[in-house]
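Here come two complexes built around chain A, the first alongside chain B, the second alongside chain C.
Moving on to the complex of A and B:
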C-alpha cells in the first residue's frame, strides 16, 4: 500500500483497488480450501438437509485401513511414476526441441506453432483424438501395429494403457514447456556463444556450459509447473481410460469419490493427502533447483 | 473533470459488475418478462429416455398454455453432483430420487455401512409425499412397493431393465443351425460352432470396464439359488468367495472373456450395439436398455435376448434378472409442486407411459403395456412376479473391504480387462479382501 500518502483517498485507494480481486480470491480459493480441511474430518455427504457429524480422523484411517492401504499405496505409487515420468521426459524433450527450433532452422516459427498446437486443443479433444488413434479395430495405431505383424488393444491393455497415457500427456503439454524454454533461450546474449566458440567449445560444450546454466531459471519454472501439474492431473486419464485399477492416480481417485459418490468428507480427506504430497514434492524440488541455479 | 482513463476504468468495472450479476441469473420458476411458468426437470443423460421425456414435455406444454418445461440432463458421475447442487439451490421441480434399485434399507445382517442416498434424502425430508396421488394406481403394486418408505410413496417409477441376458443375432443362429442355449454346455457348443465357422461369438465394450460385469451377474444368478442368501452368508461368514460356486463364476467368466472378439478390452461400450447390429459378432451380453440402440443401428435386424446359461442345469438358467430403473420425485424445495404433480400425472397416464417405456427400452412398471417384439419375447424368461433382482441389486458392499471385494465378483481384474488369469488364486485374494473388511468393521 502507500503508507506515505497524505490524503485519506491515497491511503484507502489501493485497498479499494485490490478489494475485488482479494474478495474473489477469498471467496473462491482460500475459504473453500480451508473448508476442505474441515470437511475432511466430517462425514458430510453434499446432499441438502442430510445431517453430518464430526468423525475425527476416521476418513484418514479409512484411507490407510487394512483393506484399502495396499490399493491406495498403489495409487500413490502410480501417481509418483506418472509425475516423475512426465516431468523428466517432458522437460528433456521440450528443451531439445526449444534448442533445435531456436536456431537458424528454416521455418522454425512454423514448427514451434505445430508443436504448440495441442495446448490449444483442450483435454477432451486431445482425449478423443488419441482414443480414435488407439482404436484397436481400425485405428491408425492398429494399422501401423499390424504392418509389423502384431496387434494390441492399446488403451484397453492393462499393461500398456498407463504408458500410453503418459505419452499423450507429454504430447499435450510439450508446447507450453518448449515455449518457456524458447523464451529463456532468446534471453541468452549471443556474446556468450561467441566467447565459447573462441575457446574451442563444440555444440555439446555450448549446450552444457552456456545454454543450460543460462536457462536454469526456466528449468526451475518448468520443472515445478510440470511436477505440480502432473501430480494434479486426472482429466486426460479419465477421458482415455476412465477410473480403472491399472490407471488410477490420486487426483482421479479424489474426482471419482467426490463426484461419483456422496462421500464428500472422505473425498476431502483424500484430497488433503494429495495436497500434502504435492506440497512436499514441490517445495523439495523448488529448494533443490534454486540451489542448483546458483551453483550453475 | 475526470480524465478519460479514470472514466474508462470505472466504466469497465461497472460493465463487469453488471455482466457478473447477469450471469448469476434470476429465479425462472415463475414469471419473467414473458409471464410464463417454468417447470424444471433434471435427469441423467440417456438418449432414448431423453427423447421420450421431450415428447411428454411437448404434450404437457400443449395442454398447459403459459407453461414452459425446462428439461436438462447431465452425463455420468456429473449427474449426482449437479443434482445435489440444484437441490441445494432449490432449482429443480422434478428429478431422479432413487437412481436405481428402489428403496433398499440395509438388512439387519449388514453392519457399519450407510444407507443409500435415496434413503438418506427420505430421512431428511427432501422429497414430497405422493401417496395420495391417484396416478400411482396406474403402476404395478409390486414395483410401487419397492420404492416405498415407511409405507408412503415418494417416487414414480420409470420401469425396469433386464441385466443378465445375451442378445443374439437370429439370422446368424439360423444360418449355423443353432438354437438358444439352455445350459452352460449348450452355450459352449454355440461358441464352438460359431468360431468353427469363422464367426466371432461374443462382443462387449471392455474399454469402459463395467460392461464386462454384465455376464458376471448372469453367472452369479445361475450358480447361486438364492443371491440374498449369498449376501447374508458373506456378511455372516457362512459363505466365502472361495466356495466352489464362486470359483466357477470366475472360471466361466474367464471363458466368456476368452471367446469375446479380439481386443474387445479396447472397444468403447457406446459403439458396441451398432457393432453387434452390423454383424461383428453373433452374441452380445448386455442390458435390455441397449434394445433401442440396436434397433436404431439396424431397424430390420432380427435379434432376441436369452438368459445367460451360467449353470449346468437348464432350471438354474431360466430367468433373466434385472433392476428397477430410476424413479422421478418432487423435491420438497420445489416452488412448482402442483405443476410437477400434473406433469407426473400426465407421464403416468397409461397411453403416455406406454409410449415412454417402449421408446426408452425399459421393461414396464405398469400392467398391460404392449411391448416391442424383443421384450415381448423375453416375457417367457421372467418369473411370475415379473421381476427378479440381479446381484448388483442384492449385494451390500462393505466400505472397509479391499478393492477386490468392493463389488464381488472382481470381474475387472480378470484378463484381458485386468491382469489375473488364475481364477482360484483370484478367488483367494477376493476372499482375503472381503474378510479384512469384516475384521475392520467399527
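Moving on to the complex of A and C:
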C-alpha cells in the first residue's frame, strides 16, 4: 500500500510521475510496434503525402513470390546462421573467458574491463577499427595473410565477409556476456570447489559438474539475450559492408527496403517475418533452457 | 542488486582460488598457461586500438607506403585536419546536446516510473513491469516510427530525434526497479508518517539512494545516443543537425579508400570521450548494468 496516500498529492503523485515516461514509451515505442502489423498490409511509402491503399497479403506474397523467394530465403538462412553461430560461440567463449579472468590472475579486473571496452565504443567505431585492420591493401590482417603466402580482399570477399562480420560481432559483444557470467561465478560458494577437490575432481570435472550447473540461470539469461539480440542486430553489418547480397540479414533488409527504396509497407512485412522468427526461437529456447536448468 | 554484489565481493575475497590451492601454490605450468591466454585475449583487444593510434599518427601517404610499420613521426596535424575537414566542432556540439538531454531526461523518467512500480504503489504495477520487459522483444518498428514522426511534423528536428532516443528507455526502468528492491520499504513509511510529500521523498531520498544505478542508466543512455547511427541516418537530414557518429560514417565514405591517416584520427576523436568516460566510470556502470540485467 502506498504510505503517501493520506494526502491528495500522495495519491495521484505516483501516476503523475509515471505519466510522462509512459506516454513517451507508448507513443514512440509500443504504438509503432503494433502499427507495424497494420502497415504490413499496405503499400505505404516513405515519401510524405503519397496516397496509400490496403493491399492485403500482397507484401507477404511478394516476399515468398517465385522471383524473390530464393534470395529472401537466403537472407532468412543467413539471419539464422548469424544468430546461432554468434550465440553459441559467444556464450562458450564468454564463459571460458569469465572462468579464466575470474580473479585468480593478477590484474584480472583490468583484463575484464579491457574486454568490455568495445561495448562502450559502439558499432561505428568498432566497425571502422576492423575495416582498418582488414584493409586489403596492407592492413595488419593482409600482412599476416601474405606471410602465409596468401591474399584476400577480406570484407570485399563475398565468401569471407560474412565470417568476418560474425567474428567482429563476437569480439564486440563478448564483454557484456562475460560480465554476466562473471557475476554468476562470483556467487558460487567456494566450499563446492573444496568438496570437488577432496573428491579428486580435475579442472574439467569442476567446470562440468560445479561451475556450469551453478551458473545455469546466467546461461539461460545470456543465451536468450544473445539470440534475441543477434536476430535483431544489423548495425555492425551496415557499417562493415552495407546491404550486400552475401552479407544481408532480415533486419538490415527492413532498413534498406524501408529507407532505400522507401517501400515501407513491404519493409513492415519483412519486420513481421523477422518478429515471428525471433518470437518462436526465443520461446523455444527459453522453455528448453528452463527445463535443462532444473536437470543440471 | 547490492545484496548480490556484496555476496559476490565477499565470495571473491574468500576465494583467491579454490581453497587450499593458495597454500599449495597453484601448479606453475597451469598458472603460466592461464597468464599466456589472458595476455593473448588482452592483445586481441588492445592491438587493434594501438594500430588505430599508430595509423592516426602517420604522415599523409605514409599509411599506403607502409601500413603496418610504426609511425616515424607524430603527425598530430591529422587530428586538426580531420576535425576541420569533417566539421567535427558542430557535430560534437550536437551529439553532446542529444546525449546529455536524452540521458538526463531518460534517467529521471526511469526513476519516476520505477519507484512506484517496484513498490506496488499504483494499480497495474505488475502489467507495467511486464510491459517494460516485453519492450525488449518488440518487433522492429523503424518504419512505423518513421511514419509517426513524419505525421507529427517532427522529421528532421532536434526535438523529434531526442524524443525518439529518450523513448528507447528500454532497460532503464528495469535496472532501477531491480536496485530498488534492496532499499527498505520502511523508509517510505517513516517519511510518509513524518509528513514528507511524495515528490519531495522521491527527490530527496530515492534519487540519492539510487545513485549507483542511476549512474549506470545515465551512462548507458549517453553511450547509446552517442553511438546511434541508424536513428541519426533516418531522422537527421539537415547537415546542421547531424551527430558525430553519423559524421564519422560519412567521413569514412569520403576518405575510407585512400586517407586512413585522417580517418583513424577522426575515429579516435569520436572514441576519445567514450574511452575517458569509461575509464572514470567503469566500476560504477559495469556493476550496475550487469547486476541489473540478471534480474
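We take it that the second predicted complex is superposed on the first by the 278 of 296 C-alpha atoms of A that agree within 3 Å, B and C clash if a C-alpha of one lies under 4 Å from a C-alpha of the other, contacts with A are read in each partner's own complex, and residues count from 1 in each chain.
Operating definition for what follows: contacts are C-beta pairs under 8 Å (C-beta built on N, C-alpha and C of every residue); 3 or more make two chains touch, one makes a residue touch a chain.
Just so it is clear, the model here is predicted, and its values are computed rather than measured.
Asks: More residues of chain A are touched by which chain, chain B or chain C?
Replies: C
Asks: After the superposition on A, what does A:295 contact: first (chain B), second (chain C), both or neither?
Replies: Neither partner.
Asks: Where does A:150 make contact in the superposed view: on chain B (first), on chain C (second), on both, or on neither?
Replies: Neither: A:150 stays clear of chain B and chain C.
Asks: Going by the contact rule set out at the top, does A:25 touch chain B (first), chain C (second), both, or neither?
Replies: second
Asks: When the two structures are overlaid on chain A, which partner does A:70 contact: first (chain B), second (chain C), both, or neither?
Replies: first
Asks: Just to be sure I read the superposition right, which of the two partners does A:123 touch: chain B = first, chain C = second, or both, or neither?
Replies: second
Asks: Would you sort A:194 into first (chain B), second (chain C), both or neither based on which partner it touches?
Replies: Only chain C is touched by A:194; chain B is not.
Asks: Determine, under the contact definition given at the top, whether A:186 touches first (chain B), second (chain C), both, or neither.
Replies: Second partner only.
Asks: Applying the touch criterion given at the start, work out whether A:271 contacts chain B, chain C, both or neither, answering first, second, both or neither.
Replies: In the superposition, A:271 touches chain C alone.
Asks: Between chain B and chain C, whom does A:259 touch in the aligned arrangement: first, second, both, or neither?
Replies: Once the two structures are laid over each other on A, A:259 reaches both partners.
Asks: Just to be sure I follow: which residues of chain A are touched by chain B in one complex and then by chain C in the other one?
Replies: Chain A residues touching both partners: 20, 46, 48, 131, 135, 137, 258-259.
Asks: Could you please specify the touching residues of chain C with respect to chain A in the complex?
Replies: Where chain C meets chain A, its residues are 4, 7-9, 11-12, 14-21, 26, 30, 34-35, 37-38, 41-42, 44-49, 51-52, 55, 64, 66-68, 109-110, 112-113, 115-117, 119, 121-122, 128, 131-132, 135-148, 150, 155, 163-164, 166-169, 173, 188-189, 191-193, 197-199, 201-202, 223, 226-227, 229-230, 233-234, 245, 248-249, 252, 256, 260, 263-264, 267, 270-271, 274-275, 277-278, 282, 286, 289-291, 293-294.
Asks: Sort out for me which residues of chain B touch chain A in the complex.
Replies: 13, 77-78, 80-81, 84, 87-88, 117, 120-121, 123-126, 206-209, 262-268, 333, 399-403, 405, 412-413, 415-419, 433, 436-437, 439-440
Asks: Within the complex, which stretch of chain A touches chain C?
Replies: Those in contact with chain C are residues 1-4, 6-7, 9-10, 13-15, 17-18, 20-22, 24-25, 27-33, 35-37, 39, 44, 46, 48, 97, 100-101, 103-105, 107-108, 111, 113-118, 120-125, 128-133, 135, 137-140, 142-143, 171, 176, 179-180, 182-184, 186-191, 193-194, 196-197, 203, 206, 217-218, 221, 225, 228, 232, 235, 238-239, 251, 254-255, 258-259, 264, 267-268, 271-272, 274-275, 278-279, 282.
Asks: Using the touch definition up top, name the residues of chain A that touch chain B in the complex.
Replies: 20, 45-51, 62, 65-68, 70-71, 131, 134-137, 151-159, 241-242, 244-246, 256, 258-262
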